[in-house]
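Both of the next two complexes hold chain A, though its partner changes from chain B to chain C.
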Partner chain A sequence: MIIYLIVLFAVTLIYLASAERLLNYVRLIAIQGLLLCGIALLELKDVNTANLVFIVAETLLFKTLLIPYLLSAIIGKSGVTKVHRQAIPGFYLLLFSIGAMLLSVVLANSLINPFINTIYMTIALYTLFTGLLLIVTHRLIISHLIGFLIIENAVFIFSLAVGSEMPMLINIGILLDIFVGVLILGFFGLRLKPNTNELTMLKD
Partner chain B sequence: MTGLFLIFISAIVFPGIIIRTKSIASGRKGPGILQPVKDVRVLLGKGSVFSDTTGLVFRIAPAISLSAIVTATLLIPFGNMKSVISFEGDFIFFSYMLALGKFFSIISALDTGSSFEGMGANREAFFSMLVEPAFFILMATLAMFTGYTSFSDIFTGFFITGNHYVLIYSLIGLYLFIQIAIIENSRVPVDDPKTHLELTMIHEVMILDNSGFDKALIHIAGWLKFALYGALIFNLAVPSGWNVFLQVALFLSIMAAFAVIVGLVESFRARNKMNKNPKFILTLSAIALIAFLVVLIVTEKFIL
Partner chain C sequence: MLLLFFITAVLMVVLIFLLRNRTITKFISIGYAIMHILLSVYCWSNQNFTELRYFTFNSTGVLLLSILSVLAIPTLYHGFIYTRGNDLKKFNIYHGALITLMTFMSGAYLANGMTVLWIFVEATTLAVALLIYHDRTEMALEATWKYVFICSAGIALAYLGILFLGFIYGREDAASLTFSSLSVLINQANPMYLKIAFLFVLIGFSTKMGLFPMHTVTIDAHSVAPPPVSALISTTLMNVGFLAIYRVYTLFSSSSILPFMNRVLIFAGLLSLLVAAGYMLKAKHLKRMLAYSSLENMGLVAIATGVGGSGYYAAILLIVLHSFAKSSLFYQMGQLSRVLGTFRLDDCGNYMKLYPAGSLVLITGLFCILAIPPSGLFISEFLMMKGLVNNGQWFVLITAIILLCFVIYAMSTRFMHIIFSNPRQYPEFTPSGKVRPVETVTQFLLLGVVIAICFYQPQFLVDIINQSLSLLPR
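And now, the complex of A and B:
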């Protein structure tokens, strides 16, 4: 069952590379959160109740509901609905994404050892590369935030790749990063929009 | 032969079901299911008119395209029954038969000397080039999964491998075959067959100079192509060991469902901007690649 969810997760990464509307990014991020919840629940069999509640809260509440809601609110307020026209066209980004997929398979298989699950490692590396590609090739700050969230998902899968125990500290770290990122962007998006439209399109 | 007969039968009603679905979805009374057949019968009764600028290639291209597709039809199995022609690596021959048909359509469009048809031919070649990797990667996935390289063996062995990952390849395969069929036949969202003449950008523009008998051959080739992919979808969705009568019923149902899906897509979805099409088509190759990599990793055949 896990393999089905992982394949679906990989498909969302392909659509992330080819999407151009910001709301599509948000939907894909929400779907990824849902898939991560399923993967974590199926993978972590011997987990205590507190950790289980935390994982469900983190993936379902934050990754699937809260963050997509905040992002769509920012998009709605800022009025920017598509990626910047100077961003690299989706066709080339998709080609890079396919290259990243192949690179991830090669890298994950060169790191084979009994403590690392190869499939998780592959998908985690591919997720990481996709997040980095989005950040490097897009110009809008909101695209960068989405790339950042994808990298957070990659770290989440990395933690599954290295063992069935998910250290609580990593969880809290991930959660804090996401929360701070969204808060800052929410602040920028909401505060700067009434004065000028240009600032929402600033390069980093 | 049963499969061949069923493919020809479903090819005849396929365009009619699409048109009927579109008319129902848009609230019109619309033509009957056999209207396209009646139109083609009228065309077959007419002679062809050739422009002075065209040569031999333009005259023979429709017949070669149709015969290439009929040859490809002979390679498709039905359930446990082998196809009329079956040999190791026949899916490559299948793909090249379709490519041969397309090649003749393209050079016949170029033979007219019209820059407009040249534009359509250019796009047809480009989109076919992009969709081909998706087909080959998908077939390579199925070949690696089952251990066979001919259509008949692949589809017979597909459901008896006992591997519980079969559903992944089946679902991805169904999705990809539907999309590839839509692209190969230049339907929405890649191209819109409703926008005849000037507005049409890919397939229809290439056949502007064809008329009468030749045009009828081109239409029949298009129907057969849809039925071909429908048969591939059937083989990927229905285990080959099932009862023959059930399989026949399922074959016809799947064909009808496929035609309805195409009709609904054309009713409710707009055509892509032309510059978005390459990205749309490349996405299919990327999804096929995922299936391929999953097979590599799951069967531990990845050697570094």
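And now, the complex of A and C:
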């Protein structure tokens, strides 16, 4: 079952690289939150109740509901529906994404370790590369936000790769990261003009 | 004691927002500074003692904590002056956020494990965001957004590095491990994991240390942050980033990847120097120029660490002295903007006539920050270069010297213009702002320490730096 969820997660990443409608980004982020919840619940066998509540809150409450809601609000405010000013066309981005996937497979297999799950390592690396790709290749602030959220998901998957129990300390770290994500979205996302790339007041 | 410190700090911040009284806020802030000094004294007298499981008073942490204690008083003092004209809400937010930031930095200095250190570093981002956004302008919003976004992305990468450390250990409680328990496992680890972990940690925590390639975040933050806040971001917060990288470096130094780490640090250091020199030559904003100077100094720290041997001592000494010299220059920038009403180079001039005490700080600070004798920074840069000569790293040495010449030229010409020339834009401009010379005393004291270190290094300082280096290969 976990493997299907992981494959679905990889599909969302491919779709993210090729999508141009902002609403699709929001849906994909929400779906990723849901998939992460499923993967975590199936993977973490020895988890205690407090940690379980933490994980469900992180994935369902924040990643699936709150963050997509805030993203929708930002998109609604900006009135922009498509990523029309990205630095490179979607097709090339898709090629980069496939390249990133291959690189992740090669890297994960060259880093074989008896303690960690190679599938998790592969998908975590691919998620990380996709997030970085979005930040580097897109020019809109909203795309950068989405890239950041994808990197947060990569961190979550990395922390799952290390074992069947997710310690509270890692949970606190991830929750703090999510809190910062929500702060960025809620505070800055709604104040800055997310439909522009004109953050150029500060320069030499 | 540490628990008491954290609880009191939280209560102080809560009281600031509950009581909403300017005088009480001032008293609370001064009380916090005194409490911080007491904490430093306690940590000095209980070195290597562990409290609350996740905090150990080791030498590097205690040294950096003490620097924060020393800078807390002038930062609060200049902060009181800066926020004088603010409404009560902004005044309280500023001082509440400042106490929060100093508490988070203290936690980061004393953390004995990577995850706890990471949590405190991440938390500093939130406090700094409040302080950068203090003036509520569009530029402040842009700078805060860039700071929070790039720091958060960078720190997420650093977290991946920490998780790679967990893969070495292979158990779910890896993140809770202390540096000392991890050090036992390092020699059995796959070097590839160590290299990846180091790269992630270096890139991630570079956002805080202000090192290339993540330096841009702090440069923009300096343009708009209140000068006393810039003084903290450029010194004690950069020290937090340095500490995180230094802890991992120390941890991995017993493994086979030491030459790799040294090469990466020297490369990052040289690139930092190159970027700093290039941008300082075209700098038009004084605080941005000082921010590039911090990039240059952090580049030197990275090179000194990568050199090894005497370079290690040079790196720590440079961190200590840079904190004092740079903070005094940033405090002076606050006064300069009150006198001249601007940070733009073209609008500045005749500072010697308008405020001689401030001009003396600028001249002394210039000598200190450029490591020109009698600056104590000269000792650290000399030790770094000696290490480069001993290692036969002539290319690095010559490149660094050439780039430093550009830095010296850029800073000297700009400072001399401010002090002695007429403003380029409006030569007849006569600003009305006044600063009392007594307000400059703290800056002279800090610069005095930097100069004194050139002639005499107290034994307690030498001892604690040597203790910090005890785990490194000599």
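Assume the second predicted complex is superposed on the first by the 186 of 204 C-alpha atoms of A that agree within 3 Å, B and C clash if a C-alpha of one lies under 4 Å from a C-alpha of the other, contacts with A are read in each partner's own complex, and residues count from 1 in each chain.
Criterion: a contact is a pair of C-beta atoms (placed from the backbone, for glycine too) under 8 Å apart; a residue touches a chain by one contact, two chains touch by 3 or more.
The shown structure was predicted, so the numbers you read here are calculated from the model rather than taken from an experiment.
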item: Partner chain(s) touched by A:Gly181 [first = chain B, second = chain C, both, neither]; value: second
item: Which superposed partner A:Ala154 touches (first chain B, second chain C, both, neither); value: second
item: Chain B versus chain C as contact partner of A:Tyr120, first or second or both or neither; value: neither
item: Which of chain B and chain C A:Asn109 touches, first, second, both or neither; value: first
item: Partner chain in contact with A:Ile3 - chain B first, chain C second, else both or neither; value: first
item: Chain A residues touched - chain C or chain B, whichever exceeds; value: C
item: First, second, both or neither for A:Phe129, with chain B first and chain C second; value: neither
item: Partner chain in contact with A:Leu94 - chain B first, chain C second, else both or neither; value: first
item: Touching partner for A:Val11 - first (chain B), second (chain C), both, neither; value: first
item: Chain C-contacting residues of chain A that also contact chain B; value: 110
item: Of all residues in chain C, those that touch chain A in their complex; value: 115-116, 118-119, 122-123, 125-126, 129, 138-139, 141-146, 148-149, 152-153, 155-157, 159-160, 163, 166-167, 169-176, 190, 192-193, 196, 220, 223-224, 279, 282-285, 288
item: Chain B residues within the chain A interface of the complex; value: 165, 167-168, 172, 276, 278-280, 282-283, 285-287, 289-291, 293-294, 296-298, 302, 304
item: Chain C partner contacts - residues on chain A that touch it in the complex; value: 110-111, 113-116, 128, 135, 141, 144-145, 147-148, 151-152, 154-155, 158-159, 161-167, 169-170, 172-173, 176-177, 180-181, 183-184, 188, 191-192, 199, 201-202, 204
item: Chain A - residues contacting chain B, complex; value: 3-4, 7, 10-11, 14-15, 17-18, 89-91, 94-95, 97-98, 101-102, 105-106, 109-110, 118-119, 122
